[in-house]
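Once you've had a glance at the structure underneath, I'll fire off some questions.
Here the chain labels run A, B, C, D, E and F in written order, and each chain numbers its own residues starting at 1.
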Amino acid sequence: MDELIEFRDYRKKMNEKIFAMQNKNINRIFAIDTGSYREGALSAKIKELIGLATSLVLRCEDCIKYHMIKVVQEKCTDDEIAETLAIGLVVGGSITIPEIRRAVDILEQLRKKESKGESLEDLL
Amino acid sequence: MDELIEFRDYRKKMNEKIFAMQNKNINRIFAIDTGSYREGALSAKIKELIGLATSLVLRCEDCIKYHMIKVVQEKCTDDEIAETLAIGLVVGGSITIPEIRRAVDILEQLRKKESKGESLEDLL
Amino acid sequence: MDELIEFRDYRKKMNEKIFAMQNKNINRIFAIDTGSYREGALSAKIKELIGLATSLVLRCEDCIKYHMIKVVQEKCTDDEIAETLAIGLVVGGSITIPEIRRAVDILEQLRKKESKGESLEDLL
Amino acid sequence: MDELIEFRDYRKKMNEKIFAMQNKNINRIFAIDTGSYREGALSAKIKELIGLATSLVLRCEDCIKYHMIKVVQEKCTDDEIAETLAIGLVVGGSITIPEIRRAVDILEQLRKKESKGESLEDLL
Amino acid sequence: MDELIEFRDYRKKMNEKIFAMQNKNINRIFAIDTGSYREGALSAKIKELIGLATSLVLRCEDCIKYHMIKVVQEKCTDDEIAETLAIGLVVGGSITIPEIRRAVDILEQLRKKESKGESLEDLL
Amino acid sequence: MDELIEFRDYRKKMNEKIFAMQNKNINRIFAIDTGSYREGALSAKIKELIGLATSLVLRCEDCIKYHMIKVVQEKCTDDEIAETLAIGLVVGGSITIPEIRRAVDILEQLRKKESKGESLEDLL
């Protein structure tokens, strides 16, 4: 099974169920969450790297997965990603190592899709 | 497989092994953990909602699952649960979103059991 | 000096400076943060108790202070507050004890103001 | 002012107020908290070092202060303490550095008291 | 499937991929992480117990698994391990309970391997 | 008193005492901590913004102070800083608000120094 497709499908399915609860505050936070990574004084690329690093230090596996997809979509190089993970590791300590393993695993899956010419656009 | 039954069975099996270690302090904390949600100045229902919200902001998936079962057993409505999750989301930020997805997933499984007339009493 | 007045004045002063930065996402979160504790399916009182408990387990001292003022304004009794702190202590562990000391300190200051007939309305 | 005396006095005063709330669950956790560091299969010294390291990675300043007093009372050497802090730093990351500064500050104050022949017994 | 073997193999495979990224800071932290548990003023056994307790309060499942293997390799008894888990539970609260279940599960798997005379040396 | 000078002096004094403990692992982490923000594939400016955001979501006040000084030294604009704080607020939730107040307070003190033509170079 393709972990990235499974991740996308579960997110989509559950997000719909969450919106169906019609709680205004929840829906607003979801909207702001998306909005805060849009190009502004800082580029979307930098914002996604910040998103990746904060997700790593908070050890939120799905958040790491999400932002890893985003930084690859934003054309970040492996070195840029590694330096971002390094800051997260130094700041957050060795307890982030299991999440770094997962992050690099996801990165590799994304690079494979790229090398096969598969689109990454429909992963989120 | 029924995720709720699996959850119950693993908890029961491991709790027995933990008690078998005969560490007094561990056993006492387990007892207090159960005791602190009992009806007192505050109703059990309110206490379980507090348990759900604290589990959410600390992103403890099993704890969320446990308290979600409890709040449904306490006859909380979907709106009451959604407002509790909303506070957790605002307080704890978007890193709680993956746990909200899991929480709503569990809630849906519980509502299905209810609608089929299945008892929720033996889930904990 | 009155710790509660100092707290209020610093919050007000800094909130104005934050709003002056005119970052839409920050301002929206501030608005939602206030909105999510308003009476709905759950009463404002229950929501503030949830706010107090989540602040305690996350050990956010200013948040605890804020919600302690709120729960006293919402006419919570000492027993209701103690039971809420107890859940936070059990869930979050003994590392919450220093914050429980601060919480009870603030509660006592608020009760003193009440017993002198001072209004608590202008503390937030 | 003597920071260690101030710490002791505030703890004592507030603990009394907490006990006066007569919440059984809170009082039981306080008792277990003390009990779990008593000599058992592991010595009190090792347990206090564990208490110091867990307090450091959770960045609980008062907890660090408390266990630093304890490990000095248990006759730990500076090297033993430094190695414990090092594990906390590696595990918890550079965000623990401000707490390591505070920890070493407290350690120095304790060593000064020792070198003056002052008793450390009444600090807790 | 053998959970312990799977854990070892995934760690090895991903560590190699992480090293292949050739980020000096990441590689250095990995080296220090290993180094900080080596015998010094404190024994490797005590350090691993500290590693277990800090992993528990931070609820890092893979870290708990890793240090549980280590403490068993260091010949810790079940009582020593239980007392360490008890401190983690008291310090970190009931949200550590799901991780204590997982920890005891792993411990049992390790004891079974021991009783069958299987070597634990190649698990890390 | 100048909060920024006090911060600098306490950090310097305590860092020296920490180095004097001659624990190799601690000293290495301090070195890597500094090294990981140096220009590489990513600019020092972007890295400091990442440092600021991770410090915010982990609510490490001294770390926020440190990186706020750094991002101002790196010539970040108020909008760039506000967008970084906004991501931290969305990711980390309203419990980061007290730290955002402190962050903006520090930012204002730094801008005042700049407008008076005072050097910020000797603050770290």
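One rule holds in what follows: a residue touches a chain if its C-beta (ideal position, glycine included) is under 8 Å from a C-beta of that chain, and two chains touch if they have at least 3 such contacts.
Small disclaimer: the values here were computed from a predicted structure and weren't measured.
Common neighbours of chain B and chain F under the contact definition above: A, C, D, E.
Contacts with chain D and chain E are shared by A, B, C, F. Although chain C and chain D share one sequence, what matters here is the overlap of their interface residues, and that overlap falls short of half of the numbers used.
Of the chain pairs C-E, D-E or A-C, the one whose interface repeats that of B-F, sharing more than half of its contact pairs by residue number, is C-E.
Contact count check for A-E and B-C (C-beta pairs in contact): higher for B-C. In this assembly, the C-alpha centroid of chain B lies 28 Å from the C-alpha centroid of chain E. A straight line joining the Cα centres of chain A and chain D is 39 Å long. Among the residues of chain A, those touching two or more other chains are numbered 25, 29, 32-33, 36, 55, 57-58, 63, 79, 82-83, 86, 89-92, 94-95. Here chain A touches chain C in the complex through residues 24-25, 28-29, 32, 35-36, going by the rule given at the top. In the complex of the two chains, the chain A residues touching chain F come out as 29, 32-33, 36-37, 40-42, 46-47, 49-51, 53-55, 57-58, 63, 77, 79-80, 82-84, 86-88, 90-92.
On the side of chain F, the complex with chain C involves touching residues 59, 78-79, 82-83, 85-86, 89-90, 94-95, 97-98, 100-102, 104-105, 108. Of all residues in chain B, those touching chain E in their complex are 10-11, 14-15, 17-18, 21-23, 25-26, 29-30, 33, 55, 58, 60-63. On chain D, the positions that touch chain A within their shared complex are 57, 89-96.
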